């Protein structure tokens, strides 16, 4: 089972609806289970610097099948994997990237959100994931 | 005037409708006037190798404000700018990338299409441009 | 359906048996359907310069789901896609990379072989593919 | 004396047996004394993000002929070589990479393991090294 473009669009739509509700303009990237780009959208007014961050968050969450901030725990000072964030052509290890999983547990890919404060990006990413259903 | 996410989606929708009509699965990238990613969509079944090519075509058309095959004329053996295609971190200089222009002539960005034969990609790109109206 | 490490090993074993039979030392790379590395083996005596080529052939065949020399047809002087070989971080567009397909038609990934003359690499790649069964 | 493909396979087999015994799916890379790729294997279910890490650990251990975590000691805050991990195109400086040495003391290369917790990767790497005998 692969993520469909229909699913990717629902994910982005749910994320953008939430972003609009909280008054922030974000970039949203959706990657498939192989960490390949499936869909991307930059809301009007979203920062250009956040394009790469949204893509990087989605890549990080797809490659490790976990939330970006969870990957970040491993790289923290005193964490078990110092420098992990420099692998895979640089990871993004703060909140805003989440894995996507089908109801039957199949890993489908990941979504990455960037443009607001980290807490806002995480909020939008969570809403985006709910768009998968 | 900047390209809006609404316009980017209309462009992609028009391109995908044409792609479906001619039976090909493509990747479509839309960049703004600053050659920055605005939206991207990979139709189900589109080749992974075409993701980078669609992005590259859109980048090439956006950076030079002309069709990718027109840029290609300059790089041809005997053309005036040998090696041009190696600049800007590699250009894509065959058909499938087109500039986007507002009715008043304002340059808005570019669209890049990849996934089918070059003639098909050009066909889809033309349809995508018409989605701007 | 994803390629298994067991299948990847059968593919490499079949390729290496053929390479040994024709007296050439090769590198063999196996990638999954998402163009991610699954297995690699360098026979004793195989050229170091061929490591990257074997990986590149497998990547090219995986990204485009076709033989590397078929991709090469598009980039030839007078071909429809000049410069295609510069996309995706450089492709390898001569013989020795082949797609891997399951009996039911599912695309599974690709194998890339490098170390001998191109005709030898193609011969070994063909043998490697037959190891999938 | 150079590491043989036969030895590389024994190393990988010993590592994978241990990984299976402790219930983790890992990527294992074996490099020769020149830090060039000799063999690689991704167990079914191993994380895609760990491919690059396994290769990076093996590279780090091969380039410095010591365990990756020992290299990491030099880069620690207060250590003697701050930024060392940024050299050689990024090193991986946490546990899971070990040098390979012949019974007569000849340096043969290195093995890198990634996919589990660091302690698990180190455990598997140790088992992999024992497969050299």
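Letters are used for the chains, namely A, B, C and D, taken in the order the chains are written, and counting of residues starts over at 1 for each.
FYI, a residue touches a chain if its C-beta (ideal position, glycine included) is under 8 Å from a C-beta of that chain, and two chains touch if they have at least 3 such contacts.
Protein names from UniProt, one per chain: A, B, C, D = Heme-binding protein.
Nothing here was measured: the structure is a model prediction, and the numbers come from that model.
Asks: Are the two sides of the subunit B (Heme-binding protein) and subunit C (Heme-binding protein) contact the same residues or different ones, given that same means over half of the numbers occur on both copies?
Replies: The interface of subunit B (Heme-binding protein) with subunit C (Heme-binding protein) is built from mostly unshared positions.
Asks: Starting from the mean Cα coordinates of subunit A (Heme-binding protein) and subunit B (Heme-binding protein), work out the distance between those two points in Å.
Replies: 25
Asks: Return the distance between the CA-based centres of subunit B (Heme-binding protein) and subunit D (Heme-binding protein), expressed in whole Å.
Replies: Distance between chain centres, rounded to whole Å: 43 Å.
Asks: Where the CA atoms of subunit B (Heme-binding protein) average out and where those of subunit C (Heme-binding protein) average out, how many Å apart are those spots?
Replies: Each chain's C-alpha centroid was found; their separation is 30 Å.
Asks: In whole angstrom, how far does the Cα centroid of subunit A (Heme-binding protein) sit from the Cα centroid of subunit C (Heme-binding protein)?
Replies: Using C-alpha averages as centres, the distance is 32 Å.
Asks: For subunit B (Heme-binding protein), which residues are shared contacts with two or more other chains?
Replies: 48
Asks: Chains as vertices, touching pairs as edges: which of line, ring, star, complete or other describes this one?
Replies: other
Asks: Output every touching chain pair, sorted by label.
Replies: A-B, A-C, A-D, B-C, C-D
Asks: Across the complex, what residues on subunit D (Heme-binding protein) touch subunit C (Heme-binding protein)?
Replies: Going through subunit D (Heme-binding protein), the ones touching subunit C (Heme-binding protein) are 2, 4-5, 8-9, 34, 36-44, 48, 51.
Asks: If you look only at subunit B (Heme-binding protein), which of its residues touch subunit C (Heme-binding protein) in the complex?
Replies: That would be residues 47-49, 52-53, 56, 72, 75-77, 85-86, 90-94, 117-118 of subunit B (Heme-binding protein).
Asks: Applying the document's contact rule, which stretches of subunit A (Heme-binding protein) touch subunit C (Heme-binding protein) when the two form their complex?
Replies: 32-36
Asks: Within their complex, state which residues of subunit C (Heme-binding protein) touch subunit B (Heme-binding protein).
Replies: These residues of subunit C (Heme-binding protein) touch subunit B (Heme-binding protein): 34-35, 60, 62-65, 77, 80-84, 86-89, 91.
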